[in-house]
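Okay, structure first, notes after.
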C-alpha cells in the first residue's frame, strides 16, 4: 500500500524520464510493432503500384518545418516507391519552405537510386506564389505556370515534361500538408479537372478529410506517422525493399508513449481507489 | 471628448462594417480591403510602444542591478544583433538571418512546443482520476481514444468489430459538445461586440464611467 | 557526429530548453532570454520588408496619400508614452475595435450560429435505415441531443435544478466526453513533436542513429 | 515512349469500335474526325449572382459521350458567329464554370463549349449561348437570413437590457470559476505574493481578449484594494496598452494611483512559444500565488497551466477555445468555459444593463431551441424548408 502511495505522489520528473525513454528506445532498438493497414493507405499504394512504367505522379510538399517530423517519412517512402516502380515524379510545393524540403527529400532518396536523372525521371518545380491559382494553372497548362524548373532549365527542354500538359497526363497528385491544403487540391484539381488526388496529412487533420474519402474525391489518404508506417510496411512486404523505416520507428515511439500513459493512468486510478478504501 | 469621440468612431466603424457584409459590389469589396489595409498600417506604430515597454522593463533591471540583470543584457544583444543582420545582409533564403531563424529561433520554439509531449503525460497522470462520474467519463474516453490511435489498439478494436469507434466518438458526441459550446460562444461574441459598439461595454477605455 | 557549427548551436539550445524539465536553471534562463530577444529582433526586418515597405512606403511613393490617415491614427498609440496625452491612443483603438466588432457580428451569426444550427437539425434522410447506416443514425440522434443539452448548460438565467438541472447535467457529460476525446486525440500530435526533437538530437547532431 | 504510343493506338481502336456503326449508318465516310463525338448541348450563360461583377456563370448539358472525354473547353466571344477565344477547361462530368477571365461588365458575351479527349481529339462546338453580360450586385440575396436574424437578435438583447434597467430583478446561475476569482486573489494577498494575469495570446480584435480585459478590470480593482502586485505579460502591444489603461483606472478608482506600475503590465514578444517560454520563466522565478489565464489560447495553454501547477499556484483559466479547454480543465483548479467568459463582466460587476445583456443572450438561445425543434420536426416529415433557411 505504501508503494502505491509513493507511486501516486511520484515526482513528475520520473514521468518525464520514462516518456523520454519510451521515445528514445525505439530509435536505438526498432521494435517493429505490427500495423494494421487502413483502406485509404492501401488505396494510394495500389494506385501507384498499378501505374504503368513511365507514367507520372505529382507530389506537392505543402508543408513547412513545423510539421516535418510527422510528414517527412511518408513523403520519403512514397518517393521511394515511385522510383522503385520506375514512375516519373514531379515535385512541387505551394509553400515557399516546401521546395527546400522537397529538395532534401530528393537527395535522401537519390542515394539509393543514383541512376535517376533530373528532367528524365523526375522534375523539381520552383515555388510559384498563388496557392489555388497554381493548381488551376496546372489544370490549364503546366508549361505556362512553370516556364522553368527549380534549377532554371526551360521546362520545354526537359524530356519527361514534353508530353505533360496538364492533369490528363498525371496519373495521381498527392498533396502533403499540415493544414487544409489537401482540401484546396480536392476543390480545384479533382472537382474542376477530374484529376486523381490523394492526401498525406498530419494525424490531427485526418478526421476532417474522411468526407472526401467517402465521396471518392480523395483516392486515398495517409494520416500522420501511422499512415506513413502503414505505407512503409506495404512497400516492404510487396517489394521486398529494405530501407530505414522512419515512420515505423516513430510509430513504435508513439505506441510506447501511448501505452505508457494508459498504464500510468490506470495504475494511478487503482492507487487512488485503494487509498480511498483504506481511508474508509 | 476624451471618451465620447472614440466611442462615436467605434459605433460608426461597426455599423459601416455590418452594412458592408451584405453588399457584394466591387465598391464594397474594395472598401473592405482598404479597411483591412488601414488596420494593418494602424497597428505598425503600436510596435513602438511594445518594444519601448520591454526595453524599459529590462533597462530598469540592468540599471538597478536587480537579480538576473545579466540576462536582460542578453535580450538587448539578441534584438540588436538579429535585427542588424537582417537589415544589413537581407532576409532571403540561405542568408545568415534565415540560419539564425532556422537553427536558433525555430529550434527553441519547436523544443518549447515539444515540452507538451512531457506535460501531457504528467498532467494526465496527475488529474485523470475517477473522482466523479464526469471525471470518469473524461478519463475513459481519453483512454479509449488514445488506445484506438495506435496500431495495437486499432487491431484490438477491429477484433471487437468496433473499427470506427474512435471516429464515431469524434464525429458525433464530441462534435455535439463542440457545437453546443460554439453556439454559446457565437452568441457571446455577438452580444459583446454589440455592447462594445454601443458603448455599454467600455472596459477597453480603461475602467467604467466618466 | 555533425560537423556543422549551426547544428551544434541548435543542439545546445535544444538541451538548454529541455533542462527546464528538471528545474529552472541558468541554461534555461539564458535560452529563454535569447529566444525572446531573437524573436523581437527577428520581427523587425520582417515587419519592415513585409508590411512597412509594401503597405506604407510603396503606396506613398505612388501618391496614395490617404494612407497618412491610418498612419497618423496609428502614431497616436505612441501618445501613451506621454501621460498627459495618453487618452489619444483611444482613437486608433476605437477604430480597431469598432470595425472588428462590426465584422464579427454578422460573421458570427452566419458561421457560428446559422451554419451550426443547419448541421444539427435532423432530416428524414438522416434517420432512414435504407439510406443511412445504423451507426450514423444513432450518431445523428446523439448529436442532436448533445447540442441541445450542452446549450442548456450555458443557459444562465434559470436555476439549474429539477428537470433543467438534469438536462444541463447531460450537457456536462457531453462536454467532459468531448474534452476526453480532444485530449486523447492530441497526444499523438504532441508526441510527434517530441520524436522530431529526439530525431534531431540523435540523428542530425550525434549521428547515433541512421 | 513505345508504351505511350501503344496506349494511344489502343484508345483509338476503342473509339473506332464504338463509333464505326453510327458513321456507316449515316452512309458517309468523309465526315471530319470531330463528329465522332457528340458535342455538349444547351449552353446557358447568366450573370453570376451575388458577386462583385466581372463574372459570368456558364452551364451546359453533358455530351452523351461524356465518358469518352477528359473534359470540356469553354470559349467566349463578343460576337455570336466569330472571334471565340478559349477561357477555361473543366473536367469530365462537370457542367458549370464561373468565367472571370477578363470579363468586362455590361458587355454582351456568347459562349460555346466542346469536349476534349485525353489525346486532344475534339467534339464539335455546341451551339452558342444567348448573349449575357455581367454586372455587380448591391445586395447579397444569400445573406437575407442574416439580415432578418440580426435585428431579431439585437431586439432581444435590447429588450432584456431595457427590462433590466426598469428594475426587473434578473437571476444568473452560479459560475464557479468566476466566484473563485476573489478567493484566488485573496490567497495571493495572504501569502504576500503577486497575481499573474495572462490576457490570452490573441489580438484586441479577438472578442475573447476584450472579455479578458473586462475581467482584468475587476481583478485589478481587487488587487489594488489589497495592494497585491499584479503581473500582466502581453503578446500584443495594443492589448498591452489596453491592459495598462485598465489596471491604471482600477488603481485610481480604488484610490491608489501609485499602485499602477507600467513595468508590471508589459509587452514580452509576439512569438507564440517565445512568449510561453517567458511566462514560464516568470512563473518559476516570481512564484505568483495565483495564475489567471483568461482570453484566447492555442497550443501554449498546457505549457502555461502545467508550469503553473508545478509552482503550486492556484490557477483559474477562462477561454472560448474549445480545443484548449481540455488542457486547462486538467491542469487548473477552475475553468471558465466558452460563453461563461462572455458572461463574466456582467456576473462580476452586477451592472444591470450588462446583466440584461446576458438575459438577452438567453432569449436568443430560446429562439435557437425553437428553430432546432421546428426544423427537426419538419425535417423528419420530409420537408427541409426550415433547414434551408439557415444555409
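In this document, chain identifiers A, B, C and D correspond to the written order of the chains, with residue numbering beginning at 1 in each.
Simple rule for what comes next: a residue touches a chain if its C-beta (ideal position, glycine included) is under 8 Å from a C-beta of that chain, and two chains touch if they have at least 3 such contacts.
Values in this document were obtained by computation on a predicted structure and should not be read as measured data.
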**OP:** Please identify which chain has its centre, taken as the mean of its CA atoms, farthest from the centre of subunit C.
**Re:** A
Subject >> Pair of chains joined by more contacts [C-beta pairs], B-D or C-D >> reply: B-D
Original post:
Between subunit C and subunit D, what is the gap in Å from one C-alpha centre to the other?
Top reply: 13
Original post:
Where the centres are mean C-alpha positions, what is the separation of subunit B from subunit D, in Å?
Top reply: 15
Original post:
Counting in whole Å, what is the centre-to-centre distance of subunit B and subunit C, each centre being its mean C-alpha position?
Top reply: 4
Original post:
Could you state the distance in Å from the CA-based centre of subunit A to that of subunit C?
Top reply: 24
Subject >> Overlap residues in subunit B, where contacts from two or more other chains coincide >> reply: 18, 21-22, 39, 43, 46-49, 51, 54, 68, 102, 105, 108-110, 112-113, 115-118, 120, 122, 124, 126, 128, 138-139, 142-143, 146, 149-150, 170-171, 178, 181-185, 187, 189-190, 193-194, 196, 204-205
Subject >> Shared-contact residues (touching 2 or more other chains) in subunit A >> reply: 12, 16, 19-20, 23, 203, 226, 254, 257-258, 261
Original post:
Out of subunit C, which residues touch more than one other chain, so two or more?
Top reply: 17, 20-21, 29, 31-32, 35-36, 38-40, 42-43, 77, 80, 93, 96-97, 100-101, 104-106, 109, 113, 117, 120, 144, 147-148, 151, 154, 175, 178-180, 182-183, 185-188, 191, 193-194, 196
**OP:** Make each chain a node and each touching pair an edge, then name the shape: line, ring, star, complete, other.
**Re:** complete
Subject >> In the complex with subunit D, residue positions of subunit A that touch it >> reply: 12, 52-54, 139-140, 163, 166-169, 190-195
Original post:
Inside the complex, what are the residues of subunit D that reach subunit C?
Top reply: 143, 145-146, 149-150, 153, 170-173, 175, 204-205, 207, 210, 237-238, 241-242, 244-245, 268-271, 273-274, 277-278, 280-281, 284-285, 322-323, 325-327, 329-330, 337-340, 343, 358-359, 361-362, 365, 368-369, 371-372, 375-376, 379-382, 384, 386-387, 390-391
Original post:
Which of the residues in subunit A end up touching subunit C in this complex?
Top reply: 13, 16, 19-20, 23-24, 27-28, 68-70, 202-204, 224-226, 244, 250, 253-254, 257-258, 261
**OP:** Would you mind writing out the residues of subunit C in touch with subunit A in their complex?
**Re:** 21-22, 185-189, 191-196, 198-199, 202, 208-210
Subject >> subunit B - residues contacting subunit C, complex >> reply: 2-3, 5-7, 9-18, 20-22, 35, 37-49, 51-52, 54, 68, 71-72, 74-83, 86-87, 91, 97, 99-105, 107-118, 120, 124, 133-135, 137-146, 149-150, 164, 168-187, 189-190, 193-194, 196-197, 204-205
